[in-house]
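Below you will find the structure I want to go over with you.
Each chain carries a letter (A, B and C) given by its place in the written order, and its residues are counted from 1.
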Amino acid sequence: MSNTANTQKKNGFLAGTANYVDERVGVGGILKEFGRKIFPDHWSFMLGEVALYSFLVLLLSGTFLTFFFQPSMTDVIYDGVYAPLKGAHMSIAYASSLDITFEVRGGLLMRQVHHWSALLFVAAAGLHMLRVFFTGAFRKPREINWVVGFVLFVLGMAAGFTGYSLPDDLLSGNGLRIIDGMIKGVPFIGTGISSLLFGGEFPGHAIVGRLYSLHIMLVPALILVFLAVHLFMLVIHKHTHYSGPGRKDTNVVGYPLMPVYVAKAGGFFFIVFGVIMLIATFFTINPIWNYGGYDPSPVSAGTQPDWYIGWLDGALRLAPTGIEFMIGDYTVSTNILLPLVVSLVFLALVAIYPFVENWVTGDKREHHVLDRPRNAPVRTAIGAAGVMFYAVLWAGASTDLIATNFKMSLNQVLVTMQISLIILPIVAFLVTKRVCLSLQRKDREIAIHGRESGRIVRLPHGEYIEVHEPLDPHDLYKLVDFKDYKPTLARPNAQGKITVAARLRSSLSKFYFEDRIAPATQTEIDEAAHHAHEIEAEVQKAIESSK
Amino acid sequence: MSDKSKEIAKQSGAYSDHEYDAGLRVIHEDAVANPGIEPHRVRMTDKSVKHEKNAVRQVAAFFTLSMLGSALALYAYFAFPISEDLTTVRLNTLYLGVGITLGLLGIGIGAVHWAKTLMPDNEVSEERHLTRGSDEKRAAAIEIINLANQESGFSRRKLIRRTLYGSLALFPLPGIILFADLGPSLGDKLRHTAWKQGTRLTKDPYGSPIKASEVTIGSVFHVIPEGLMPGEENYLEEKAKAAVLLVRVDPEILIETEERASWSYQGIVAYSKICTHVGCPVALYEQQTHHLLCPCHQSTFDLVDGCKVIFGPATRSLPQLPISVDAEGYLIAQSDFHEPVGPSFWDRSVQQ
Amino acid sequence: MAQLKRKLNGLRRSPRALVVVLFAGLLVVGSGYTAVQAAVSPSTAVTRSQEQIDLGKRIFLSNCASCHGKNAEGTMNGPSLIGVGEASVDFQVSTGRMPGAASGPQLEVKPVQFTEEQISALAAYVGSLADGPSIPDASYLQANGDSTKGGELFRINCAMCHNAGGAGGALTQGKYAPNLMGSSEKTIYEAMLTGPQNMPVFNDANITPEEKNDIITYLKYLQNNRSVGGDELGNLGPVVEGLVAWLGLLGLIIAITIWLGAKSN
């Protein structure tokens, strides 16, 4: 400790502060532990960071907005500066949103920053999830962190939707009305839940205040908690890295936290914030003044939710005509329940995927080297099918805009989407799997025979061959370092019985690994090299003899 | 340490990845060996003092740009105040936004450029350890749990344990029941609207009554019941159920069931505007096809055929409001709707 | 006059004139009904000179009669124009919708094919056949009404098809409600009054001339005051915002992450 006193004198202020903090917080130990932690560098590893930073921007801009927004549905007559609403009846919530927009300096900017970063938050989280999925980063030991991330994504949608509904304009009110209609369609409890949510009949006077509590308190608090867990587990696991020379399941290769990562990640926060600010400065988002206060009678063409709720709205639109039916005197709103169930099943499949794959492979080892998507063809194909399914639902929410902007019939667009919802995921699966397998074959070819040099040689017996150049060992390793699985047969258990689970696992393992391209082994590469030498010798001989 | 956990520790010894089951994974004995990290590529800024100095200047320039941006934002806050004139809002947003953007991007790009060009870019490798604790730690943890169990008697004292479970299961219930007052029972509210026998049909939103003669073929009126005025108690709730679309078509083409033959007046029909799917206002009337389209989910209703669904996710026809005229020629409702309006709910058809 | 004749001959010979509307059938069926409603939508007595009517008839015979009949009584290919009124003719022809081109779900806006003089002659001729909505009085086209009332009326009567920001929207089977951000006062008024194609009629009992002026006032306000928040993204709402968030915002950030992750040389 006397040493620190000395350094303090020598290095002045910086060391003095460090000493002061350490003596009170014990930060030295933490820095020693984490200060030189290694983080791998790759652009795709920053998507989660984008989500994190846009969440911080949301907290900052949202806090500003809370100081001016009044979540009350009491009726007032607007007397602000926006001329086409002067004298109109509206709720205090809407009037205060207009005041933020037109009468607070920087208020409109902050509203747009808040809304754009909300769209970015969910988008970046979604893309981050896709990166994790397609590279297999969810495998042991990160399955639980996948679920935590999934919960964060769902919470992001919840935060977004509760915020979308706050300005109490025509757009958000109609959005709430759709939610109310969906809730009422749930058997037994629908009308009860609707009343609890809205404090009686729709729209009531409570919903904006209630959503406000959820939006500024409960949901962000939950997001913070899950974020903390998410990041804590990231530290525990250390970040994954892509396969490559020097990368192993037992190490992590990259740059130290201090100083490189602090500068890069810290700078990146400012960049993300800056880009959001840039877009918010130049592009209008949610021009609430166009919509007027909520009134249950009018509706605007193009009434759509924000993008992250779009897929649910699309699911509602794509339900076939006339599927609601009666059981006795009771109405079963299949046209609401079917989309609801389909969406929930989809979400559930996303959440449990890591456990399914782990059960099939039975691979209980820790995985820290990421898969290239091509090296897990069936997983990549499943992901592509899922993305396609989601994308069709998402596009389903904009059938009207697709129809008007591409001069098509609304009805044809909708029917096409209905068919696509079934067909396209299957097509995506088959095509992606084939593409992955072909890429794997190509990799294997290159690994064994080397790169095509473009030099064509005619052998003495007349055969033409192209000379291949062997790969640099670092490049070679990228092509051959992946995990290879083989399907299993259903085996009887201790009682000599083949259980249903065993059968299922066996057929799933076939589904996953039936078409398998094994990585090139050293033996194969050596053999090919030997063969190449022979040819080279023959070529040399031919050249010699022709002289 | 208990004997049992000692034994576990002994058996496993130094643990490694290879003790976990690899499942269906094929381990290739002659896999290509890992050649180790690629050699470091030297940057221009490492080799040349000139480049290094340039990089330093660039980073400093970005940080300076940031300062200028922040200064611009401060200046803009006062220089572009907002007034009654909306263009001032645009200018305020624009200059404030540009200033803050520069303030942020300058710092961000500067810092990253600094890290990329001037900080060392040697890749470093760090060992990973298995996520699970070492056997000693696990054994110690088990020991603690066992000790806690012994000292508390958690496993031994069944009565305490079971009553604890019971109390834990019950204690949240009062908390949950507190939420019951979030909303009253809707009772029969979903089955009734503000329409009554003799209520005049009036124009939305200003409430002037409508004469039958004014409703010409091809026109559409957005209608609310008389007396429903903004600012009144339950205005929105009542309007949310009572909104009606009024259209006159050629009586010749109107397909009416016998029961409903008297619900229209000389080809004038009134239908609920609230979609039977999830409740959006079905307000798009195509006067040539006589189709009503919901802009939210594209359910389409055929107005001349009892507003039956001809496309989209809705199933039920829009409820019809029976209308006639009063002595002065104004359109009035014969009664309320004969069924609940709006989205389906479970017991909507149950007679009360 | 000779010049005009040449022009007319040219038109008659031009393929465009030959492809005159085959499908306008439905078009004025609705407008035709407006004949029934003389009481509601009283056409103010307009002074039309016989000369104008004669000119209009000549233009009609050479450009319109093939579909609408020699006496505008309608044919299989086009509806009767008796009683549609001058406003209807003025709306259809001065926006270029008529004469119609190739068949499609609905008439499209095209370059206008007649001079103002010719259009008013045509309107005068059709207006002389029977009473119908006449071209609105300029006093209702001043955009000097109450924009708040106009906004409310617009949202209740128009926004479901034309979008709250006037950006237009989809109807069934390929039809659509057009964008209103370029529409003139007169066009907006005449559209409400005559209910062209699938647009319903908003007669003067439904939306009074003063209220129509309010709506025009509101739309003009929207046309003249672009968004204070920056580019409006076509006023198309959350779908376009979502695309910008993905392709613009996230796209830009990803481009930056690639720069950030790339090694410096």
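Everything that follows uses one rule, which is that a contact is a pair of C-beta atoms (placed from the backbone, for glycine too) under 8 Å apart; a residue touches a chain by one contact, two chains touch by 3 or more.
Given the structure is predicted, the values throughout are model-derived calculations rather than measurements.
Taking B-C and A-B together, the pair of chains sharing more C-beta contacts is A-B.
The most central chain, judged by the distance from its Cα centroid to the centroid of all protein Cα atoms shown, is B.
Rounded to a whole number, the gap between the C-alpha centres of subunit A and subunit C is 45 angstrom.
A straight line joining the Cα centres of subunit B and subunit C is 37 Å long. Rounded to whole angstrom units, the spacing between the C-alpha centres of subunit A and subunit B is 17. Each of residues 86, 89, 93-94, 112, 116, 121, 204-205, 222, 281, 283-284, 295, 300, 311 in subunit B touches at least two other chains. Multi-chain contact residues of subunit C (touching two or more other chains): 152, 156, 160-161, 169, 171-173, 228-230, 260. Shown for subunit A are the residues that touch two or more other chains, namely 101-102, 108, 112, 264, 268, 271-272, 275, 280-282, 295, 297-303, 399-400, 410-411. Subunit C makes touch with subunit A in their complex at residues 105, 147-148, 150-152, 155-156, 159-165, 167-174, 176-177, 218, 221-222, 227-233, 235-246, 248-250, 252-254, 256-258, 260-262. Looking at the complex, you find that subunit A touches subunit C at residues 41-47, 50, 83-88, 101-102, 108, 112, 115-116, 119-120, 123-124, 127, 170-171, 264, 268, 271-272, 275-276, 279-287, 290-292, 295, 297-308, 310, 397-401, 403-404, 407-412. Contact residues on subunit C toward subunit B in their complex (touch as defined above): 26-27, 29-31, 33-34, 36-37, 39-41, 152-153, 156-157, 160-161, 169, 171-173, 175, 195, 197-203, 205-206, 225, 228-230, 259-260, 263-265. Across the interface of their complex, subunit A is touched by residues 17-18, 20-26, 28, 30-38, 77, 81-84, 86, 89, 92-94, 96-98, 100-105, 107-112, 114-116, 119-121, 123-128, 130-131, 179-180, 182-186, 189-190, 204-205, 222, 224, 230-231, 234-237, 239-241, 243, 273-275, 277-281, 283-284, 295-298, 300, 309-316, 342-351 of subunit B. Subunit B meets subunit C in the complex at residues 41, 43-45, 86-87, 89-90, 93-94, 112, 116-117, 121, 203-205, 210-211, 213-222, 247, 250, 281, 283-289, 291, 293, 295, 300, 311.
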